[in-house]
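Given below, in the form of C-alpha cells, are the structures.
In the two complexes that follow, chain A is the common piece, with chain B as its partner first and chain C second.
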Partner chain A sequence: MAGNKRIMKELAEVRTNPPPGCTVTLADENDMGTWDAVMDGPPDSPYTGGHYKIQITLPKEYPFKPPQLSFKTKIYHPNVSNDDRGAMCLGMLRPDEWKPPNKIADVLRLVRSVLAAPQPDDAVEQGIADQFKNDRKSFDKVAKEWVGRYAK
Partner chain B sequence: MRRLEARRQMEEANFLSSKARSQNLNPPIDLRMLDYVTAYDDNLMCPICRCPFLDPVVLAECDHCFCRDCIRQTWASTYSPLGPRGDCPSCRTPAKLGPRSATSKILVNITDDLLVRCPKSEDGCKAQVKRGEVQDHVNIYCGYAYMECTADDCELHVLRKDAAEGCLHFGVSCLDCRQSMQKASLETHWRVQCPDRKVSCELCKEAVFNREWDTHSRETCPAISIPCPGKVFGCNSRSKRSQADVHAKSCTFAKLTPMLTAMQQRMDEQEAAQKVMVRKLEVLEGGFQAVQTILSTKQEDPDQVGADESRIPLLTGRPHQRGDSGGMLDAMVVETDVGAFVFPPPSSSSRPSSELVHVRAGASLPPLYSAPMAPGPRPADLPEPFTMDFDMASPFPPPAANGPYISPLHHLLSMHESLRDEMSRMSAALQELDGRQSMQALNENLRTREEISYMAAQVAGLSRQVHWLTSAQLQRQQHGGAGRQAAGAAGPSGSDIAGAGAGVEAAVSTAASALRGAARIVNAGQGMTMRRGLSEEGRTKL
Partner chain C sequence: MAALYDERVEELGSLEAIYPELTSDLDRFTASLELAITPSKPLLVRFIPHVTAGGGSNATSYAAAATNGSAYVERDVKLSHLPPLCLQVTLPAEYPADAPPKVHLTTKHDWLPKERLSELEAEAEQLWEEYGHCQILFTYIDSLQQAAERGLDLDQSADGCLVLSAASESKLVSFDSDTTLSIFNTGTYDCGICLEPKKGSSCYRMKRCGHVFCLDCLQGFYNNAITEGDMAGIRCLDPTCGKTPATPESSRKRKRKAERTLHPRELLAMGIEESMVRRYVEMKRKKKLEADKSTVYCPRTWCQGAAKSSKYPPIPADLLAYAAAELSSGEESDVESTLDGNDSPRSTGSKDIPPDPADRLAVCEKCSLAFCRVCYMGWHGEFARCFPRDPNELSVEEKASYDYIRLHTSPCPTCCSPTQKTMGCNHMKCFQCNTHFCYLCGAWLDGQNPYQHFNKAGTQCFQRLWELEEGDEGQNPGDGQGFAGGRGWEQMAIDVARDADAQEAAAQAADREAHAEEDAIAAELLVHGHGLHMAGHDAPFVVHMAQIRLDEEPEPLAQHRAARGARRQRNPFQAHPPAQGHQAQAQAVRNHERAAARQGRLAGHGRVARRPATVANDEDERQQAELQRFLEMAQRDEEDGWDSDGLDEDDGVFEIR
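What follows is the complex of A and B.
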C-alpha cells in the first residue's frame, strides 16, 4: 500500500517535472505497475533525433525491489541487449545494488547519461562494446543508421 | 441449569463479536495514504516511502533518518537474531536499529502537526485535522464514520451524524429511480448511485443527472476551461467552454487548424508511403546487385575462363596431382572443368561471345559423360576445331530461360565434383592394391630364384664331382685294361662302376633340365604378374 502511494507520488512528480528529454505515461491507467517512458536521444550522441520507448515494470515490493527496464525500441548500444527484451545493464538496477530511496526519475536520468556515454567495460553486447572501443567511427555510423531505421 | 449456562455463553459471545465488529468498523488509518493539506518540506519526507516521517528513527552510524516501518521492511531480507540491521539505504553504511534510534520529539511533532484531510472526505467529511489526531477524529468525531445503530434491537451500522435520528434501518424506495433500500443508505445512494437523481455541478451550478455526470464534466459543462483548438499549432490560451467560440473567431491558429490538420495528415500518409518505397527500393537494389554479380561472373572473357578457375569456389584447393598414372586423365579433367563451368546458352547464335567456350565444352564433355558407351575417344585424339551441336551432345537439359543458372548449375557441379572425388579415391585404392600385389609377387619370385640358383650351384658341384669321379674311373679303366686282362676277375666290377657313373650323369642332367624348366616357369609367372599390372594400369586409366 505504501508502495502504491509512493508510486502515485512519483508519477505525479515525473509528470509535472519530468527529467530532461523524457515523457512518462502509464501503460494502463488502472495499473500503476507498468510505466511507458519515451526518451529522446541525448544531443551530441549518435542517438540524437531518436525516440526510444522504454517500459518500466515496478514489482509489487517496490521500492524495496528494483524496477525493471526494457527498451521497446531497438537501439545499437553496448549496454542494451539486442533482442526482444532490450534489457539494459545498469548497476543501479541490480537487486543487491538497488536502494529504496532511488526514484524512477533518477533511473531515467541515469539511462539518459548512459545513452550519452556508453560504458563498454560493463557491456551486455560485447561485440558492440569492442566496436565502440576500437572503431568509434563505424560504431557511430551504425548507431545513426539504427536511429533512422527503428527510432524515428 | 445447563441450558441457562449455554444461553449466557451465547449472549456473551454475541456481545463480544459485536464489540469486535464496532472496532472493525473504522479500521486503523494508513497514515501514508492521507491527503496532506499543508505543504511540507522535502526534508520531512522519508526517502523510502516519500511521505512525511512516520515514527522516524535515526541510524546512529550515519545519521540518516527513515520511518521505522520502512527501514524494517528494507532490512526484512537480512534477518539477524540481534535485532534489525543492514546497510543504510542512503549511504550503505552498515547500521542497526537500537533502543536509542528514535529521533527527537521535535521531528515527530512537526510531522504530526501537518494538516490532513479526513480519510472520509470522499464520503462528505470536510474536516481537516492534524495528522496525529486523525485516528481520534475518525474514531470519535467524524460524522461519516460508521457506528452501531443506537436502537437497542438493531445491530446494523449507521453513520455517526445520523445516529441521533434513531434507527434508520427500515425500507424506503428512492423517489427518482424507484429502487428500494434502507433509509440509512439513501443519502449515499442519492449522491453517487442513483442514475435518475440530479446533482448540481459545482462549476456551472446546473443540475445534471448522475448518469450524465461523466459526459457533462468532460464535454458539456460550459464552466470548464478548455484549450484553444489550435493548441497543437501553438496557441496556448485556455478559455471556458462557453467562451471558446469567441476565442476561436479571433484566434488565427484556430482558424488555420482544419487546414493544418489536413496537411499534417497528408504529410503522415506520404511519409508512411515513402517509407514503404524506400524499403522496396532497398530490396530492388539488392536484387539488382545480385543479378549484376552473377552476370559479371558469367560474362568473363572466355579466354580468361581457364585462368579464373581458382576463383570458382568449388574448385579452389582441389589437388590436381593424381599420381603418375593419370597424366592424360588429368589434362582431360582440367579441360572438362572449364567446359562444365560455362553453362551453355540456350542457342549458340544468341551469344556469339561465348562461342569459343562453347566449342571447348563440346569437345571435352562427351568422353566424360558418355562413359558407359565403350571406351570413348580421348579428347587428345579429337580434332581441335571439333564442332558439334551442343544441345545434342550435352547431358545438361537445355535451360528453360535466360536466367541466372546458379542453382541447377551448382547442383550439377557439386555432383560432378563428388563423382570426381570418388573416382580419384578409387584410382588411389587401385594403385595401392596394384603396388602391394606386385611387391608380393616380386618377393616370392626373389625367394624362388634364390632357391633355384642355390640348387643350380649344388647341381653344378655334383656334376663336377661326378665328372671327376667318372674321369678317375676312366683313367683307372685305361690303366686297368692290362690289369683286367691281367686279372679278369676285376672286370665286371669295373664296368659296373662305369655304368653307375653314366647313370648318375644322366640323372644330373635331367635334374638340371628340370631346374631350367622351373626357372622358365618362374620367369613366365613373373611375366604374367607384369602383364596383370599393366592391365590394371590400363583399367585405372579408363
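What follows is the complex of A and C.
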C-alpha cells in the first residue's frame, strides 16, 4: 500500500529532521500506525520545562484521512480536553479540512504553536479559556503547577 | 576545391552548429528552420466567427451567424504556445556582398496573417542593409526569436490582441494544450501525497490552480472520496489551495465560495473510471436537488425520482459535455441564497403552491409520470382545484424511513437534514449547509466557539461533548440519551402544534357554523335570482355540504380536517378570499361542483360526501371510538401502549407519537 511507503518516508524525515522540540518514535516497531511523540513545552510559555507525550494514531486510509491525536500527559490548556482522552480539536485534523499533503510533522508544528499561543475562542475547555482570557496570571500559575505535577 | 570556398557555406555550417534542428542544402544554398513561438506572456487571441477578409465582411458574418441560429460569439483565449514559424532561406550567388538573403516565412496551420509575415520577411533585407551587406542570417534568426518571445508584437495592434477566424480556434487551442502537456510530461515533480518524485507523464496538473500530484495518489484519494460520498472533498488537495491569506473572519466567510470542486472532465483526465465520475456528478446533483426545498419528488413509491427542473438539467451521456456552470461556485451561491430565504421550515406547505395553475405540473425525471406538485396526484389539468397532500397519507416505506430518521438521527437546526453521528464528539457540522450544532440537543452552535455549549454548567449538554463517541447506531433510543435528546424539540413542537390545531379546529367549527347558515341563505337567494333550471341542481347540494360540515366538526376527526381547512384558507386558488363575503364563497363552491359535474364525476363525489351525513355506518363509529381512546391516552402520555390494530389506516397516529 502506498500509504505505508509514505509513512516510512515521513518517519525517516521526522527522525532525521524532527520539528523543533519534538522527538518521535513508533509505539511498536511492527506497527506503523501508532506514533509516540514527546513534545517539549515551548519556551516563553507556562509549559516550558514540561515534556508532553502525544499519541498519534494513523487511520489505515492515511494520508487520505487525518491522523488522530491525543495528549497522554495532562496539560492545563484551553484547547486540550481535560480528561483521559486528551483530545485536541485542530481545524487541520477535521475530516473535511484535512488535505493529504499535510504531514505529521506539520501537525506537530501546529500543536506546538497552539501550546505557545492558546486559542481561547476555539476552546474545548471553556473554563480554562475564560481564565486564560480574564485572569492570565492565575492561568499561568495553574498551568505551571500542572507542568510540575504531571509533565516532568 | 579551394575555389569552391564560399562564405555562404561557412555561414550555413556555423548556423547548423548553433541550431541542430536546422536543415540545409549546401548545394543549393538553402536552409530551413522551425522557430517555436512561446511568448513570455501568453498571447491573447480573439476568435471571431466567419471572418473572411477585412472589416466589411463583418456585417455579413453577423447576419450569417444570426441565420444559422447560433449567437455571434467572440471568444478570447490566451495561448502560451503557438504553432511554429517556418523559415526558409535561399542564399543567392551574390550574397552577402551584393544581394540580400531570400527569406520565406510560413506558419504551421497558417495562423499568422499574411501582412505580418511579409513584415517579418522584409526585416531580413533591412538588417542586411543596416549591417553593411554582411552575413546576417544569425542576427536575423535571433531577432525572429526575440520577436516570438514578445508574441510577435501582435498585442501592439489596434485591437490589442490577435484576431483570427473561429475556424482555426480548435487547431490553435489543441496545439497549445498538446505542447503544454508534452513539456509537462517530460518534467519531474514531487508528489505531495506519496512524497515521491514522479515523471510528468504519470502526474496531473490541476487546471485551475496548477498544483501537481501523481495520478496514483489522485485516483486513490478521489475514488475513496466518491465511494464515501464526500463530494466536498473533490477539490485540489494542496493545503494552501482555495485559502486566501486574510483575516480569520473573512477567510471563514469566503472559504465556501473559494473552495471549488473539480469538473468531471478533470477527473476523467486523471484516469478515474467513468462510472466513478458519473457517480460523483450524479451525487453532486442529487445533493443540490435535496438541498433545494422547492424540489418535488415522484409520488410513486417505487420511483421517488425528482421532478424535472430547468435549474438542474439532467446529466448528459457524455460527461465531457457536462455544463461547466453546473459546478461553478456561482451556481452554488444561488442555492445558498434560496436556502437562506427559507427561514421557517414549517411553512413549506403553503409556500410551494405555485401561483399559476400550469406551474403545478411536474414530470418525474425517472419514470416520466406527470403529476401535480401540490396534491401529488396524477396530473389533473390546470382547472382542477386541488389541495396539498395530507402528510398522514404516508406509504409503509415512507413511514419506516420516517421512523428511522426520527429515532436515529438529529436534524440540522438550519436545513433540517437528518444527521447521524458515526463517531467523534457531539460538535457537529452539517454535511449539507455547514451549520455547527450540538448532536445531543440540536442547538445551533457558534462556529467560532462551538465548545462553550458543552462547558456551560447547568445546561443539559454540560460536560457531554464526548458522549456517544462511538457513534449512534448501537444505542437504545429509549435510554434518554442521544436521539431522544436530538429530536426532543421536535416532540415539543408537535405537542404545541397539536394544541394549536385543536384550538384552530374549534374556532373554525364555530366559524363554519356561521358560514353554513349564511351559505344556505345565499344559495337560496341565488336559486331564486337566477332561475331554477340553471342552479336548481347545485343549490341543494351546497346545503348538503354545509350540513356535513356541521355534523362532522364535533368529532375527533375534526383535527385532521381542520388542518386541511387551514391550508385551504391559504390556497391562492381560492376563487374569492373569505373577506369578500359568504355569498361569493357559496358561488365558488358551486363553480367547483359544476366543473366536477362536467367531468362526469359529480355522482361519485356526491356519494362520498353525503355518506357521513346520512348514515354513519358501524365502521366509522368504531374507528372514531378508537381514535378517541388513543387521544385520551396521548393526553396521559401513554400512547405507546396503544395498539393500532383498530384503525386500518393509522390515521392521525403518526404525527402524534
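By our rule, the second predicted complex is superposed on the first by the 152 of 152 C-alpha atoms of A that agree within 3 Å, B and C clash if a C-alpha of one lies under 4 Å from a C-alpha of the other, contacts with A are read in each partner's own complex, and residues count from 1 in each chain.
To be clear about the criterion, a residue touches a chain if its C-beta (ideal position, glycine included) is under 8 Å from a C-beta of that chain, and two chains touch if they have at least 3 such contacts.
Because the structure is predicted, anything quoted here is derived from the model rather than measured.
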Is A:G50 in contact with chain B, with chain C, with both, or with neither (first, second, both, neither)?
-> neither
Which partner does A:C89 reach: the first (chain B), the second (chain C), both, or neither?
-> second
Which of the two partners, first being chain B and second being chain C, lies in contact with A:S81: first, second, both, or neither?
-> second
Per-residue contact with chain A, leading partner among chain C and chain B | C
For A:P63, decide between first (touching chain B), second (touching chain C), both and neither.
-> both
A:D122 contacts which: chain B (first), chain C (second), both, neither?
-> second
Does chain B (first) or chain C (second) touch A:K99, or do both, or does neither?
-> both
Could you give the residue numbers on chain A that contact chain B in one complex and chain C in the other?
-> 2, 5-6, 9-10, 63-64, 99-101
Complex contact set, residues of chain B against chain A = 30, 32-33, 47-51, 69-70, 73-74, 76, 89-90, 92
Within the complex, chain B is touched by chain A residues 1-3, 5-6, 9-10, 63-64, 99-101
Per the touch rule above, chain C residues touching chain A in the complex are 192-196, 216-217, 220-221, 224-225, 230, 232-233, 237-239, 241, 425, 427, 429, 448-449, 451-452, 454-456, 465-466
Sort out for me which residues of chain A touch chain C in the complex.
-> 2, 5-6, 9-10, 61, 63-64, 81, 83, 85, 87, 89, 94-96, 99-102, 106, 121-127, 129
